[in-house]
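Worksheet for the structure shown next.
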Amino acid sequence: MEDVRVTFLREDNIDAPILIEGLPGIGHVGKLVADHLIHELDAEKIGEIASLHFPPQVLVDEQGVTHLVKNEIYRYEKDGRAVLFLVGDFQSTSAKGHYVLAERYLDIAEDLGVKRIYALGGYGVGHLVESPRVLSAVNMEHLRPEVEAAGGSFENAGGGGTIVGASGLLLGLGEERGIEGICLMGETSGYIVDPKSADGLLTVLSRLTGIEVDHTLLQQRAEDMEQIIAKIQEAEEAKGREELSYIG
Amino acid sequence: MEDVRVTFLREDNIDAPILIEGLPGIGHVGKLVADHLIHELDAEKIGEIASLHFPPQVLVDEQGVTHLVKNEIYRYEKDGRAVLFLVGDFQSTSAKGHYVLAERYLDIAEDLGVKRIYALGGYGVGHLVESPRVLSAVNMEHLRPEVEAAGGSFENAGGGGTIVGASGLLLGLGEERGIEGICLMGETSGYIVDPKSADGLLTVLSRLTGIEVDHTLLQQRAEDMEQIIAKIQEAEEAKGREELSYIG
Amino acid sequence: MEDVRVTFLREDNIDAPILIEGLPGIGHVGKLVADHLIHELDAEKIGEIASLHFPPQVLVDEQGVTHLVKNEIYRYEKDGRAVLFLVGDFQSTSAKGHYVLAERYLDIAEDLGVKRIYALGGYGVGHLVESPRVLSAVNMEHLRPEVEAAGGSFENAGGGGTIVGASGLLLGLGEERGIEGICLMGETSGYIVDPKSADGLLTVLSRLTGIEVDHTLLQQRAEDMEQIIAKIQEAEEAKGREELSYIG
Amino acid sequence: MEDVRVTFLREDNIDAPILIEGLPGIGHVGKLVADHLIHELDAEKIGEIASLHFPPQVLVDEQGVTHLVKNEIYRYEKDGRAVLFLVGDFQSTSAKGHYVLAERYLDIAEDLGVKRIYALGGYGVGHLVESPRVLSAVNMEHLRPEVEAAGGSFENAGGGGTIVGASGLLLGLGEERGIEGICLMGETSGYIVDPKSADGLLTVLSRLTGIEVDHTLLQQRAEDMEQIIAKIQEAEEAKGREELSYIG
């Protein structure tokens, strides 16, 4: 088996100038946004990526059928305007594998004529965030004004921050190939899957790409999550009172 | 040394349409079943597999003679009906090695004309199980009715489950080569070697393959294990009573 | 991607007989000295080194622009006397990668005519040191008198010590290529970034290389660090007194 | 750098029918015996082995001179009877590296005409041993009587034991090349460097090889160690009495 194996489901007319990456990460923020876009746009799956740098396992679906762990490439086109998505459930199991996979993702991007990559992720802050910002980074300085105009914040810059894994390497290695890279990171606690942060990130991404979709499903998931958190907090407070009554 | 080295003890007439994999895993359920079948059928060892993805060690046998750690291929044939077994004491020591080994196992399977693989294992549930089910997964949807008819359960499907290691990859990577894959997993606590779960798995496997063997040895081991568990439980209860008597 | 990728910003007239390595390590002593020299000499960046043996990440700078993690080569020349610097924020993420990177660093050194390498680092002793020594090692015995004359101590020799990572391998593998190697290690606690130890190391290095620079910035950082340590000690003593007053 | 780099200090007349391996392991028993033999026989160093599977470091000697970590090959010849030694301070840092190194050691052995390997090690039992046995394993059954006649015990056989690392793989992979392998393991606690166990092992090895040397140095080290242990035990007993006197 090669290190990475890419399979296209069709070969013709699959170019696109834009690639949106939403692999799993902090709060699954990037994954939530990319998966939501694919669902709302009814994007077409055009490729699959298997790799011995992924965990050695299969997933069992609802029919009891196994599926080798893979990342996937989707494509959406409307009015001659096309966009690719890189999504899936896995990143590399090793440091070296991250480099090998990112270079291969960029090979695909180059082959399909991609000029710009949006790398989506979360930005963990360690506490619940009332109004999550969309923190940003770019791999070429001229991209910054455009991101700021769309509502992306650069308040994270300058603190010696790093971006780890596929999102980071797509920007870092992409820059060497002349591919523009914009990383959008929804502020999130890091403790929960965070559709609220994803909702905010989607707004900024839509302004940048011009791709508008309905937010309802994402917002419903955000409300569900809010209620779960509220119940947990209530339970903890009740427990606190109980403990106090013992003392009292 | 190559990554994986396969040695056949003879080359002629070693084809078979079916491969049964029983490498070590949870509760050693799959290994117990495969080893029992090899013993009862008096299957012939036809090949050995060494790999630098196995632990770097030798086993010392009862004569004090060392043996490089290896997995083994056995073959059984009766009335023109042949079956292969993949057994041994080891899986890969690394994530990548699992992929390398599974691809090689599948190379062997293809070379020997295998059309279907039965991957045997355990399904850990974290508590003792009175009547262990045989939970199942298939790598092609058309296989499911056959497995259900033989008593395999698909109640595990749909929970986002995964199958890790050789069993999982034989199905996942086998599907890409057009080899049918059926994974049978005996429900088991995960704390003990579980011949009782293996006994149930063997029943389902026999219905699927038409290969019937005597269960006596497996059932004796199951009874022995039941007695060991009963003694442990008794000892723990006695200890509990003793502690209570201190208090009382 | 190759294992290691070296990019030169210019090709002509970049030779030098001396290479000073200051990659991160204990107390960041070596890094502090090399970075200080580059700053004071206004040395020119002539090359970059990327590698899949570095962590899979990018750094975000103060403009919000990402940079692939890289080590860097600087060069300084005055009055026909040139010196190279190998600096950066990373060492290998794996044992094997250390060898691969060190061999590549030595390839660069050989290509650029380097005859001697100064490998700078810290020597952790586990407690604060009032007057840090500059402990030393050489890869050829004839180098020792020169180092001792410059104030380098060999009191660490003979205790079965080891030098791990880039510094060690540049000496060990460099010796095989006939490149002289001198390792200078500023004594340091190992708990803090240690500009005071770096200040002492710089003095010895200047005597050896004849390269003199102003120490003011390094000494200011050392004083800042002294004050931070003093405040921490004060706070701990205050806490101690407080605890005593409870008892009293 | 190649995975393993072997350098011979001379090429002519370096064959020998026997190789004695004494790399570090439990209680350093094998290493003590091999190093003692090399010292007493004044064997000649004929080769060095460096590898990126060894730790990435250099050793600093008593002169402050660094040495790349290496294993070494020594040779001794008397009356036309020659023996090789494989010694050093390192085994592989990874599972895969153990295989790569062992195959290379065997390449060297084959090149130099080795017909038999003695792999020396310790056999950890977890408690101090009054009269340590020399437990044994062989890679071909016909070797057993010879080992037993020399005082090697096979009482360890049959317990499902394994031999890990270089010693194990030299036997396991050596068998595939038709090289006889005898593993001698001095019984030892596993807590201390054990010259007493080494002394016993040397006696058995001498009977097998016909190579006799003076044991004095080894026995002195064993006596020194006995005294250290006695002092520790005394101190612990004194501490125990003290604690009792508090209670009393």
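In order of appearance the chains are A, B, C and D, and numbering begins at 1 in each one.
To be clear about the criterion, a residue touches a chain if its C-beta (ideal position, glycine included) is under 8 Å from a C-beta of that chain, and two chains touch if they have at least 3 such contacts.
What you see is a predicted model, and the numbers here were worked out from it, not measured in a lab.
Engineer: So which chains are sitting against chain A and chain C at once?
Structural biologist: none
Engineer: For the sequence-identical pair chain B and chain D, determine the rotation angle of the Cα superposition and round it to the nearest 5 degrees.
Structural biologist: 90
Engineer: For the two copies chain D and chain C, is the contact made of the same residues on each side, with over half of the numbers shared, or of different residues?
Structural biologist: Counting shared over all numbers used gives less than one half: different.
Engineer: What chain lies farthest away from chain C once each centre is taken as the mean of the Cα atoms?
Structural biologist: B
Engineer: Using mean CA coordinates as chain centres, what's the gap between chain C and chain D in Å?
Structural biologist: The mean C-alpha positions of chain C and chain D differ by 38 Å.
Engineer: So how far apart, in whole Å, are chain A and chain D when each is placed at the average of its C-alpha atoms?
Structural biologist: 54
Engineer: What are the residue numbers in chain B that touch two or more other chains?
Structural biologist: Within chain B, no residue contacts more than one other chain.
Engineer: Chain pairs that touch, all of them, please.
Structural biologist: Here the touching pairs of chains are A-B, A-C, B-D, C-D.
Engineer: Could you pull out which chain A residues touch chain B in their complex?
Structural biologist: 1, 52-53, 55-69, 93-94
Engineer: Quick one: in the complex, what on chain A touches chain C?
Structural biologist: 92, 95-96, 98-100, 102-103, 136-141, 144, 154, 156-158, 160-165, 168-169, 171-173, 175-176, 181, 183
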